[in-house]
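Letters A, B, C and D mark the chains as written, and numbering starts fresh at 1 in each.
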């Protein structure tokens, strides 16, 4: 790749790099998290990376929103398809977050801890089984 | 529109409608009604999809939602709407999902008595998602059904509210939610480059574009998501936790149908969208093949070292998924045909085995083969199903799985064959060992399985034994159907998966009977049961080394969500390395 | 793995991924100049074909309506799952019970607070309704309107206190709203099939461009989504707020529960 | 690319980092609400008013509220132990 020289990084790649950054940061948060609720928060950061990526992909320079109320149809507008994809996903993302939080509340009740380092689904057998 | 074209969306809308109606009326419905409705809806979906599979033998059945056909835009390469397309393979798999759900609903009769229809609402949405996943020909729509499948699965895993179930569900949700973000991002990349979501149109655009990092990147992200669902190393870690802790009727669906759908989706994408991209086909033949072999072997060994029956079965599922991935990556027509047949055979067998585990959890209050030692006496029907299932997984030269293995091995290299045979034998021997201990009081000193994680749990007792045993036996019986009868259909299905107008393929009639896997299974089984306490020094040294090895492998499957996510990142890095080389 | 090793492994993986990401980022179409034709085709064709001004609504509720149905069902799944999780642990097998928990000690509130909250709750509901209704012409629609309307419930909670609030918004009604909205969507998709048309086909009169009623079937689908989203998020809020109360706060008397 | 979009993108990257780095879940909620607001503004600048509306309603109001409720429930459980 000839374009890979570090000095020639075009600014127009910024949104994609921000998306990748958000995803990586979210992963870092998930991996190092010591509290399940914090972990869920990091997951939402990962998710926001996909929104930034998709909306960035649909952006058209010097175009308006894809709503032809004030502007007549035919004026330049950004891509409505990616917006539609993101729109519904935000709502669903909130619901999944809620599901995870509900699980976290119940884990706290059953285990008394929310440290992901201490949670493992099946436990090693009791020594009495020897 | 012809009848089959009209029925195509009904296969998805029917379970969706039934689920939403039940949810809306949940408060007022008599408790028995949802169970009956769910069984009939699943059967209806199965029947509709069978009809579609038959109709699509004369050419693909298509349905464009809202009437937005590809020429509605009057611009070539622009597809405004979303299409469903039934080819024989997709429709048959959708029908298979309907069958598995009806069996699971019968099995679960009486399990969820106290709850308001919620279980059945979630299950029907799950069914609709799986059918939609099979039938769609739109990438974003595929993502939607993939995600719906995931969310329904998350909720169903946590359903029992036990300690393990909650923690397993948490891990499952985090890893699979990450997978769906990857898939969404990948879909976005592919859209940015090709300007469409429709499989066929996208395939043309991909073939036009040639080598392009964006397309490869999009494929890698989508593939990583599908491989996470299909539990391929190193994305596989969540599965053993989730499948082991989910309610048994749900595990039946998870292991029997959901995970293999991930691979089917990947096969379909590779065949219909990416067949024109040399980079992607290189990745499929290279990296995916290696990952498949590694998965088969690692998970096979892990299965052999388990004592919790559902966890054992879960690892066996992973191992068999690895074998299926080798078939996918081989890419030849016979291997693809083998993959399709393997999905059916494995799903039926594994579903039956999970039902047996559920029966034991309900009647004997445990799923631990050491705790259950000798407790299975008198349960002849579950015993029969379990031994039959174990033999089938272990390479019994009968039935669908054997036919599928024969087809797959035609295009496999000798070392690959050796590894898959060993994996098959390991999982088969593990299941037979557990069956022998539980039902036949056969002993032998426990080996590495003694160290495996386990859990004290049980499922709702007081359910009629025959309602639990009948579906298990029926599934085993179906898995024993001679594969020869299905070959003509399979030939058409394989050819049409790639190209909807291709003439049916002539598949080679059943090859030689291969007894090697069964022999190896028997040998490993005997080894496990003849094991005696290590008394002499060399024997002790061997045992210690063995334990250390297994402990390391168990430590890899730590159950910690941070570890799992790290390994997912490593998996992505593997893809990056492979595509850069 | 110890956390340190894990972090090291992650760093290594990200390091390997970085050049690949950079390569993809540099080959993507430049920001602000996408090449995908679908979006611009929708912008060019949909105003005339569907008489709506909001292209996002046109994509969501007509062109790719089946996607939206799938997303709607995800919402249903997640909310049902969360409900089951929270309720199951409270031992409320009967949905009716969650709706009527009398005897909650009511903290006295100033009349002014109650009034302000009522006014704002009504306003929020109206805003939500308006956002949902104008979805075809201006930014907004069923998803956003539904969420806003559901958050109005919260203001009611602040104003009315627990008991009054539970009486005003019984969960069975919210569940019926949630399921009923989604059912309406499924019917919108399925009924055209009975007449021999493709599923979800827009056969209703399309109305005038920039009119409140424009887009034909899309209006109905939009309403279905609004109902379902409002019900789902309302239920979610109710169930989560229920969790913040002490379990022993208000013992339920059996007579009242029956 | 306008300066505004670039600034908002960088702000989004920063606020995302803040969400991850606020290890105390209670403080994280504020970071999350801020992140939601920044994202909403970014989407508005990207000419996506529909998405911005959705993100602001969900990201700055509903999600933080759910986190608050969940944390309250968890605190209560811890107090009981």
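Everything that follows uses one rule, which is that contacts are C-beta pairs under 8 Å (C-beta built on N, C-alpha and C of every residue); 3 or more make two chains touch, one makes a residue touch a chain.
The UniProt protein names, listed by chain, are B = Complex I subunit 5 family protein; C = MnhB domain-containing protein.
Note that the structure is a prediction, hence the values are computed from the model and not measured.
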Legend entry - Leading chain pair when contacts are tallied as C-beta pairs: B-C
Inset, instruction - Farthest from chain A by Cα centre, which chain is it? Let me know. - result: B
Legend entry - chain A-chain C separation of Cα centroids, rounded to whole Å: 19
Inset, instruction - List the centre-to-centre spacing of chain A and chain B in whole Å, with centres computed as mean CA coordinates. - result: 27
Inset, instruction - Could you please state the distance in Å, as a whole number, between where the Cα atoms of chain A are centred and where those of chain D are centred? - result: 11
Inset, instruction - Would you mind pulling out the distance in Å between where the CA atoms of chain B average out and where those of chain D do? - result: 36
Inset, instruction - Could you list the positions in chain B whose residues touch two or more of the other chains? - result: 140, 147, 151, 154-155, 158, 161, 189, 191-192, 558, 560, 562, 566, 569
Inset, instruction - Indicate the residues of chain D shared as contacts by at least two other chains. - result: 1, 48-51, 54, 58, 62, 66, 69-70, 73
Legend entry - Per-residue overlap in chain C, given as positions that touch at least 2 other chains: 3, 6, 10, 14, 19, 23-24, 27-29, 31-32, 34, 36, 38, 42, 54, 56, 64, 67, 71, 74, 78, 81-82, 85, 89, 139, 143, 147, 233, 236, 240, 243
Legend entry - Pairs of chains, among all present, that meet the touch criterion: A-B, A-C, A-D, B-C, C-D
Inset, instruction - Show which residues of chain B lie in contact with chain A when the two form their complex. - result: 140, 147, 151, 154-155, 158, 161-164, 166-171, 173-174, 177-178, 181, 184-185, 188-189, 191-192, 241, 244-245, 307-308, 311, 370-371, 450-455, 558-562, 565-566, 569
Legend entry - Residues on chain B engaged by chain C in the complex (per definition of touch): 1, 6, 9-10, 13, 16-17, 19-27, 63-68, 73, 75, 77-82, 114-116, 118, 121-122, 125, 128-129, 132, 140-141, 144-145, 147-148, 151-152, 154-156, 158-159, 161, 189, 191-197, 212-214, 217, 555, 558, 560, 562-563, 566, 569-570, 572-573, 576-577, 579-580
Legend entry - Residues of chain A that touch chain B when the two form their complex: 19, 23, 27, 30-33, 36, 39, 43, 46-47, 49-50, 53-54, 57, 81-82, 85, 89, 92, 95-96, 99-100, 103-104, 106-107, 110-111, 116-117, 119-125, 129-130
Legend entry - chain A residues touching chain C - in the complex, by the definition given at the top: 1, 3-4, 9-10, 12-17, 20, 24, 27-28, 31-32, 56-61, 65-69, 73-74, 77-85, 87-89, 91-92, 94-96, 98-99, 101-103, 105-106, 109, 117
Legend entry - chain B-touching residues of chain C, taken from the complex the two chains share: 1, 3, 6, 9-10, 12-14, 16-17, 19-20, 23-24, 27-29, 34-38, 41-42, 45, 62-67, 69-71, 73-74, 76-78, 80-85, 88-89, 93-96, 172, 175-176, 178-180, 182-183, 185-187, 189-190, 193, 196-202
